[in-house]
């Protein structure tokens, strides 16, 4: 933390800031500048709250210098985290392809799509049993019945499954059936859920909040790691902007930044970013080209009859083509 | 819903859209235009999912025409909802002033601040017992002990209290102690929590999500009303934008728009929007001038020692001045 | 500027940063911290380019400490700038009300509206002669003929006029006819135009760019002041966000922040922020309540026939009510 | 345009809307719905102004149905526009690589970098002679001397050059020296400049505005085409969002959307989107993978001494690697 004083700050005002810093047990180091004084704060463990200083008379600004996260930081753990789920490895050097419908609608639907995902070379099957829906009047998911269908998909096709958990009440149940437990965009800062996820024995896929900064997202992962679960997969899915030609704006620069700041794997969900089928394939190629460790894509054999998000679901043959394309991009990158 | 076809859409493509509409039990009404056909959808109850059409060949766009919300809509209930809490009335014609610290830190702190809030003319006391914090390493609130302090404040000063609930596990407890139960920004689309709030016997204060559209916010209120709780107070608290001189950007145009679209009361929280003390008073005046039914403001007698959000907390004497100023603005508006 | 080094930065990497700083003639002051070194830069006149350091090995971040603006800063000139136009004073302590149509459409239209603006107590008449339009196929303004109508309005009603200039070619002409020359949102960073405005003998009204930060906006004013024109009026008119219920999101917190950072007057244009008539009056009240030095509002006697922006234009009787309301708010604030 | 009436709109209110539509010479087609009437507008050439209807009593909404652009639309011209500059072709099927410094600083600097760009396989050289700078106190470009250096680069290395024009005064001069004339982000809606560009005999590279919607961007191109210049190259360079880990957020979904809506070529500038060198290579790969027709990248042999934007400039050897990588991605896509 660097405290920047007003040009006209008095010696008393400077001293008051120094006193507050030292009253917290930190070290204050005033830096007389050309036309104003700044005061560095040293020997603090973890970040200092700027609120201690902003608003004090004579203080112009309080600028954080260090990052607030610890366990997720590459400065703490330089090596990439690799996460094993069944015989799938997620993380640096691997390209994990996840496909499936937005929601599990029936056993027949799930099995039909899973077969096509498997054939296309998909590694993991996705499908929602508990669905966060903007409207209380639309399909809310099959619940436990959906989870059982997911288990059947896993057993039949030997593919791990990922599904979303919406609350702590149903967490045990989801944890029992899922290979990877997903925390959705709207729950990225549901801290009670994050704490429960910290005690989960399954890897957590943590989607980025709709308007989450990098720090907020990594701090949400920090909650999970601080709770004892080291296996967090980050998933970029687009952020909300003024743009209207896509549902959200996919933020691909976050991929190399996360990989620099953190050791955790990061995948991309182009389906929710796009909101429209015909943007999904190009954005998938871009995501792999930027260096993401995998993709999560919505696939449906009859999207026009899907109970949710049909407009952004690929046809199975499109998913097949996508898998082929992105594997080629990934191979090319590996060759260097 | 209006389906807009491509200029070059064939008669077969138009017919396919008509067939899908009618297969859902709705009425399709094609509207041949100058250079392209559009198709209106009639006799649908509730909104139609654009996903049914977007991505079909020949379809250029699917444009929602009606609003997705029902119970919260002024078209459903033209009269303003007034909410009684103790002897306070919240809603059209009233100006409800809520003050208190971000977090309850001790009985002494709460009682000291509550006395000053009461003296200033505040109607309701606020204070967090369960705190959603970005970092797992910062103060998370006093929990049950904090709720008990809130109860003591209510009894001592005869002021209703509002406090945040973070999850369904602690909902019973919060409901027992609070007069108004707050759902925070980060939980605005925590649908499990919204469903529980629908069964709550207390009014719910629903803060707007950090990047929530008007529709999403009103649909979150719709969840609560659809669950059986008609007493929802909306609270605007700023939205996330590119702007950096305030923590969030207070969206005051939402106040008249909500008042036009819905019968629910709407108040403003300028403290979280500003993030800095010296913006709070001007934004408070602006919020009342734009027509908000009340304010919720953070007040602390020693903000530099606050365990959270000190930088945006007013000193008690500032809150006193604020109350006086905004009452004058409100009176002036009432005189018309 | 503060250069923050990686935790693992070597002594050589630190030294290289020091060398670069000193090669520019500045003073480098390394600050050894708990777990990493930071390096302060002293004795620089004006801001230092972070690009000198970002990307160097061992450098984690380069954090600007001082503001980039000088002439517009209140640190340079503590007293409020007051701008006289005819017998109108714009700035602290005054409330300047500007009304008129988006575009001058005819002499009859302009005179009709001007009479109503004057009657309502408006101080300045606005009207576009050169119109920036998103589409090349819509009305582009009357040009010189419009300017002459503005001159007639001024002479008839003894009201100063403000109108937009779009380019340097027509600047002389606009300067000749207008009392205040407006630079529009889309030209806020048209630096050639800003330089010409610096040589203008009329005050400049500088609208904020659609996604301009505070610094960018003040730096645009700095261009004008650096060119020799000290009379700049800032005009907030809403910024572009994800919000869809208003055309733009009015950023009212910018008003007190500008008043703290700069000595220049700041007014608000609620019409372009709202984009819809029924939001304009409440936003006007809010703007004055937050402390703006004035308002610029679109008024049209027949908005349904306006050649541009009719949807956001007030009827003259609405403008009359608005003037009455905001004067009362302003008087109340002055009484303190 | 579809006019949506309130549920309670009277027959008179509906009739008034019909009258207004017909008074403009269009056809009104009322569509009685389940619970409200909508009114379609037919036989209009070009878009109708929603302002005619919004704000009328009984009118809830006015929804545009058709796109506002014409000449740039693929509905008008189905075939891709290919633009020839010297022996370089820009557009579908080609991958055009543009490299060079942000600003021309000296002949030696330009020649050194140009040689490396050429060696790496770059097709076009970029370099600014007139620089739009946020601060009036920073380097503003070499002007005419810079243009002459660009001409020397072209002659020496047989590479076309692209450079930015900032105003109409210097347009003739820039047009004389440049092979492609660039209109920058901050001037995307400088309509006087766009009109002049419509008369330019060189292709125009039109960068997207910092917060421009797709429609606004394409309408800016429409200005140029409507003025008589059919050769417009669109350049995506990131949009302004709340994100802070990159300077702007690169909006890659705009690439397939532009290619669907328009016949014009579209390239990507990852340097200005990133603002930091280490994001430029991954974003370049992503841009080509998403289907862009080319890249424009900043390259400098001594970025730490660059007079502007050094932090985002690649070293020449990085540009060489980038060219190799993206050509492989492009070849892979062409093979299908």
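By written order: A, B, C and D. Residues from 1 in each chain.
Simple rule for what comes next: a residue touches a chain if its C-beta (ideal position, glycine included) is under 8 Å from a C-beta of that chain, and two chains touch if they have at least 3 such contacts.
On a predicted model such as this, the values are computed, not experimentally measured, just so you know.
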{"item": "Chain of greatest Cα-centre distance to chain C", "value": "A"}
{"item": "Selected interface, C-D versus A-C, where C-beta contact pairs are more numerous", "value": "C-D"}
{"item": "Centre-of-Cα separation between chain C and chain B, whole angstrom", "value": "31"}
{"item": "Euclidean distance of C-alpha centroids - chain A vs chain C, Å", "value": "38"}
{"item": "Between chain D and chain C, distance of the C-alpha-averaged centres to the nearest whole Å", "value": "26"}
{"item": "Multi-partner residues of chain D (at least 2 other chains)", "value": "211, 240-242, 278"}
{"item": "Residues of chain D that touch chain B when the two form their complex", "value": "2, 4, 6-8, 29, 31-34, 36, 38, 40, 42-45, 61, 63, 65-66, 75, 240-242"}
{"item": "Of all residues in chain D, those that touch chain C in their complex", "value": "20, 46-47, 49-56, 68, 70, 132-138, 166-169, 186-187, 189-193, 195, 210-211, 215-216, 219, 222-223, 226-227, 240, 276-278, 303-304, 306, 308-312"}
{"item": "Sites on chain B touched by chain C in the complex", "value": "211, 213-214, 239, 241-246, 249-257, 260, 273-274, 278-279, 282-283, 285-291, 325, 328-329, 332-333"}
